[in-house]
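Quick heads-up: structures coming right below.
Okay, so chain A shows up in both of these, paired with chain B first and chain C after.
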Partner chain A sequence: MTFKRFVEIGRVALINYGKEYGRLVVIVDIIDQNRALVDAPDMVRCQINFKRLALTDIKIDIPKSPKKKTLIAAMEAADVKNRWEKSSWGRKLIVQKKRASLNDFDRFKVMLAKIKRGGVVKQELAKLKKQAA
Partner chain B sequence: MVSFRFHQYQVVGRALPTPGDEQPKIYRMKLWATNEVRAKSKFWYFLRKLKKVKKSNGQILALNEIFERYPTVVKNYGIWLRYQSRTGYHNMYKEFRDTTLNGAVEQMYDEMASRHRVRSPCIQIIKTATVPNDMCKRENTKQFHDEKIRFPLIFKKVRPPSRVLKTTFKASRPNLFM
Partner chain C sequence: MAPKKVRTGPRNPDLVPGIKKYSRSKMYHKRGLWAIKAKHGGKLPTHEPKQAAAQPDSAVPEKAPKFYPADDVKKTRAKPKKNNPTKLRGSITPGTVLILLAGRFMGKRVVFLKQLPSGLLLVTGPFKVNGVPLKRVNQAYVIGTSTKVDISSIDVSKFEDKYFMKEKTKKTKKTEGEFFKSDEEEKSIVPQHKKDDQKTIDTALMKAIEVVPELKAYLSARFSLRDGMKPHQLVF
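Showing the complex of A and B:
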């Protein structure tokens, strides 16, 4: 039960409350016990409370308070975007976003796909039952 | 950036020119107030205590708000203040870590109110300064000066992403481990 995700300079975190909800940011400096200075390639550096952050497993190698260019270069070097999108957490978020953005026709297509998949599964199950019997 | 309760103003004023004194000395003060009107009032309050001049025989020459030069850099702020407690006046020195001076001053007011029950009208800010890391006096600020600082977050705050999604009843107990 030890801790694996630490608040440290270079830790990638997800903002899970507030105006910047859903944004991946890097902790760039620690202000005090409750707040950190965070930065992302497409936003102004700002301070945020730890209560609004969910730490991820990804950590990049940056000095304290790096320049924007250094930060972007370090994020490219550590391949944060791909690592995030391949991680199970990242994939789940992408699926959630996709589902939220479906229009009615898309939902209809999903329904048909689900029925088709269910049909295939039932066929296989029937085959297995026949074999067992 | 969140809006600050206290803004920093630079107020410049002098006594009105009289036949006896054509060029009265001009005084400049940096102070904190919630708005510009209060800043001017505070200026006269302090100037009255220091010089023989009042609002009725003086004039304000300039009133400018001072903004933070580097709001994306974390700094240690030292604040010297004079406050009135139930038993008299005391001086105090407090240190805060923040990105902006206005933020540190706001922290100071909050902390004085909570720790010493001193309300904001009873606090006078004598001096503020950005303190370099090696000159900080308080252990509380010095503990964040480590280059390789790291600590775990021990409790996860489980809450919906916005207040509208709040529900009274949940299906299962939350997992508070990070």
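Showing the complex of A and C:
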């Protein structure tokens, strides 16, 4: 069992705690044993403790402390946004956000849809059982 | 000419609370009082002094009052007391679906029609959908959802607090025999005009409700908290 996700310049991470919770950032420099300098296209570059970061699989190719323009260009080249949104972790987060934003009527419609789907599944199962019998 | 600058902030700002930036003479010049005086020939413009109404010749001169109070009596000012209805929450607008939180219809989802002058909210099921009649409800016992129904075509102007007042029935004195009779006949019957009003409002509302898919089923179901639902995190 080896480590696959390393803290390195260019590693994309998710902020796990604090005011910027849920934001995707890129590690742009290492300050010391505990802290890194992180940056994102729509954020002022800042330092953050590693404890507040969750590393992802995505790594981009940047020099240390790149200019914002270079950073944005590198993120576009590596297609970070799409890779993240297609990854299972990214997809789960999107679903969580959607569920949290549902209003009362939406939740009701989801319930009806689930019941409908369950009904269809049950019908198919009953059919298959009959065939097997 | 350079475009006129819109002034931001006071003319004479506070440097420190209590101490303004400009002196009296400086302010005189800043306000342009010298220009106003020049326009009116060296003096500030004044209103004409009000001429006292000419006394009719036959009027009797005012008599001295008979009674002077011993202590100074404060002159009371007319209090302009206004009775405003409770401020409506921003989330509650005509046509909003509300969730009732207390009473017989606890959990029912209901359509908000208007706020009455007493501050209570006029609400209806509609009756056919969930059994809630035209009813008054306090804002405090209600959750406003973000679901809205279009009620622009519905006329609710005839409903006021008086509509919901109990009709005063004359109390007839009971004889001994009647006293022991059961109170079965005391049941209140809903008067026909109220049933008709309910019907008119409901038919108009149903047109608006049936346009939205699944809204009718939504209104007939009750709201309840399930496992994992955290009210403070729910978006209504």
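Following the convention adopted for this analysis, the second predicted complex is superposed on the first by the 133 of 133 C-alpha atoms of A that agree within 3 Å, B and C clash if a C-alpha of one lies under 4 Å from a C-alpha of the other, contacts with A are read in each partner's own complex, and residues count from 1 in each chain.
Just so it is clear, a residue touches a chain if its C-beta (ideal position, glycine included) is under 8 Å from a C-beta of that chain, and two chains touch if they have at least 3 such contacts.
If you're wondering where the values come from, they're calculated on a predicted model, not measured in any experiment.
Novice: In the superposed model built on chain A, check whether chain B and chain C fit or clash.
Specialist: The answer is fit.
Novice: With both complexes overlaid on chain A, does A:30 touch chain B (first), chain C (second), both or neither?
Specialist: Once the two structures are laid over each other on A, A:30 reaches chain B alone.
Novice: In this superposed model, does chain C or chain B come into contact with more residues of chain A?
Specialist: B
Novice: Using C-alpha centres only, what angle sits at chain A with arms pointing to chain B and chain C? Round to the nearest 10 degrees.
Specialist: Once the two structures are overlaid, it is 90 degrees.
Novice: In the overlaid three-chain picture, which partner chain does A:104 touch, first (chain B) or second (chain C), both, or neither?
Specialist: Once the two structures are laid over each other on A, A:104 reaches chain C alone.
Novice: Just to be sure I read the superposition right, which of the two partners does A:65 touch: chain B = first, chain C = second, or both, or neither?
Specialist: first
Novice: Superposed on chain A, how close does chain B come to chain C by Cα atoms? Whole Å, please.
Specialist: 11
Novice: Considering each complex separately, which residues of chain A are in contact with chain B in the first and with chain C in the second?
Specialist: Of chain A, no residue contacts chain B in one complex and chain C in the other.
Novice: How about chain C: which of its residues touch chain A in the complex?
Specialist: Of all residues in chain C, those touching chain A are 97, 99, 109, 145-147, 214-215, 217-218, 221, 223, 233-236.
Novice: Spell out the part of chain B that touches chain A in their complex, as residue ranges.
Specialist: Residues in contact with chain A: 1, 72-74, 96-99, 141, 144, 147-154, 156-157, 159, 161-162, 177-178.
Novice: Okay, in this complex, where on chain A does chain B touch?
Specialist: Spelled out, the residues of chain A in touch with chain B are 1, 3, 5-9, 16-17, 21, 29-32, 37, 44-47, 50-51, 53-55, 64-65.
Novice: Under the definition above, what is the set of chain A residues touching chain C in their complex?
Specialist: So the residues of chain A in touch with chain C come to 100-105, 108-109, 112.
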